[in-house]
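The following blocks contain the structures, represented as structure tokens.
What follows is a pair of complexes built around chain A, which joins chain B in one and chain C in the other.
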Partner chain A sequence: MFVILTYDVGEKRVNKVRKHLKKYLIWTQNSVFEGEITDGKLKKCLSELNHILNREEDSLYVYEVKSPKFITKTIYGQEKNIDELFL
Partner chain B sequence: MDRDYYIFSNGRLKRKDNTIYFIDSQDNKNSIPVEQTNSLHIFGEVDLNTKLLNYLPKYGVILNFYNYYGYYSGTYYPRKKNVSGFTVVKQALHNFDYNKRLFLAKSFIDSAVHHILRNMRRHKEDIKELIEKIELERLNIERANRIDELMGIEGRIRKYYYQSFNWILRDDFTIERREKRPPKDPVNALISFGNSLMYTAVLSEIYKTQLDPTISYLHEPSTKRFSLSLDIAEIFKPLIVDSVIFYLINNRIITLENFDDQDGICFLNEQGRKKFIREYEKKMSTTIKHRKLKRKVSYKMFIRLECYKLIKHFIGDEVYKPLKAWW
Partner chain C sequence: MFVILTYDVGEKRVNKVRKHLKKYLIWTQNSVFEGEITDGKLKKCLSELNHILNREEDSLYVYEVKSPKFITKTIYGQEKNIDELFL
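After this line comes the complex of A and B, so read on.
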């Protein structure tokens, strides 16, 4: 499953959320992550995030695409992070 | 989704923000998601510290190291968690009993030959004689009574098989005979590089099961090597590595420019290795619908399934039937 995850959280928690998501997904832009992930791992990730987020103020959007085949990604301008097999 | 990452640049690998960071010599920072990482393959000159080495095992991430020439030199493994004395004892007993050992050795070779012929069949017209020779040798497998006899048969089959490469591959690539340590021509270099990737892949799958990688059947279980991974790799070498080689050469993806020659030793340069690995990874994650499991299974998973089948065989659950590609 391919996931795009965006968040808008209080300034205090931005870094915490970013650091947490880095363990699971690939950072694409400020407050945007994407990548392939299994259902189970996504659940685990979100339940851990639940401890960080403040439900009253913060928002988190998760876009799921069942197959990465159905998504095309075009980048205009600078590509910020290149996810590569090789480093 | 567990991915492998290949590090070719020089730099530093460290734990930061509770995930893996790679900082290359130009100070570019790259973060790697730990939860999605299966193993890291390190080809470049990389510094790392104990903080990272203490952190990786928590997530079961494996570090594979390769030397300057791209040969496998070793692995840093997490503490083995899947241990089962019962399975290991049974596994050892199957080595101790010569007939049981012979059965498994025959199974491995039979499957390897099946995949070898499968590769050759596409070029049936030109190499009819070689195919016939191999099919004749194949009949001897059933009759063999000793392991070394079996090894001899395998050696001869391999010889015919490598001869057929001259027809299968494009004109500018030829092979006279298989030469390891060191490979002297491009085709040998490709086979060696591919096989060493295969061994590490099989070994890391074995580590996920209860099997002991040192107790083997076809290869003599000796000290200093994980010979069970050599046994199982036998099945997958023609199925995965060789077909990647054919694809790369015949589609002119890898050309003679991708090889370096140093004092008669031929090896892939960095560009070549990257091309090879990209195709190899693609192949490994290709899925095929499994007939019994009724779901899609990747080539990588097929390796693990082979280990499970062996365990079932050892504990007397189900007789081992080696993988024979049906697709």
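After this line comes the complex of A and C, so read on.
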């Protein structure tokens, strides 16, 4: 399935969360990751994230679409690059 | 259709962009808006945004899904509130 994952986490945890998500999805912008992922891998990713996140402060939104053919993406302005994020 | 809109814009333009998007969509998190919107209204929204954004610096991602039945959303941790954003 295709997944869009957005997060809003405390500053202390941002890098850890990004590094973790990079293993499973593609970074697109600021606090947004996306990509094709299996159900099993998504569950693994989220269960590992659970140990990093502070549930009292952080939030994570996961949008799941059964197939990428149901979704279209349009980019306006600059397309950000992953290198920029990890400089 | 159902739309997820994420943005990464210069600090000077953040409030203007948020206020604008609030007219058309629902704020969910940090730099993410979502909602049901017609094709016509989305075009109007984006054409107006075009006057606010700096295309050299800012980026806007628009994910369109034909119907909300194709997408499921799961929230982990805190659900953010629009009031928090505009305090």
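Rule of thumb we're sticking to: the second predicted complex is superposed on the first by the 80 of 87 C-alpha atoms of A that agree within 3 Å, B and C clash if a C-alpha of one lies under 4 Å from a C-alpha of the other, contacts with A are read in each partner's own complex, and residues count from 1 in each chain.
Methods note: contacts are C-beta pairs under 8 Å (C-beta built on N, C-alpha and C of every residue); 3 or more make two chains touch, one makes a residue touch a chain.
Quick caveat, the model's predicted, so the values are computed rather than measured.
After overlaying the two complexes on the shared chain, residue contacts for A:Gln78 are found with chain C alone; chain B is out of touch.
In the superposition on chain A, contact of A:Glu36 is made with chain B only, not with chain C. By the touch criterion stated above, A:Lys23 is placed in contact with chain B alone, chain C being left untouched. By the touch criterion defined above, A:Asp58 reaches chain C but does not reach chain B. Shared-chain residue A:Val14: touches no atom of chain B or chain C. Of the two partners chain B and chain C, more chain A residues are in touch with C. No residue of chain A contacts both chain B in one complex and chain C in the other.
Remark: chain C residues 4, 6-8, 28-32, 46, 49-50, 53-66, 70-80 touch chain A in the complex. In the complex of the two chains, the chain A residues touching chain B come out as 19-20, 22-27, 35-38, 41, 45, 85-87. Residues of chain B that touch chain A in their complex: 1, 3-9, 17-19, 22, 24, 30-36, 274, 277-278, 281.
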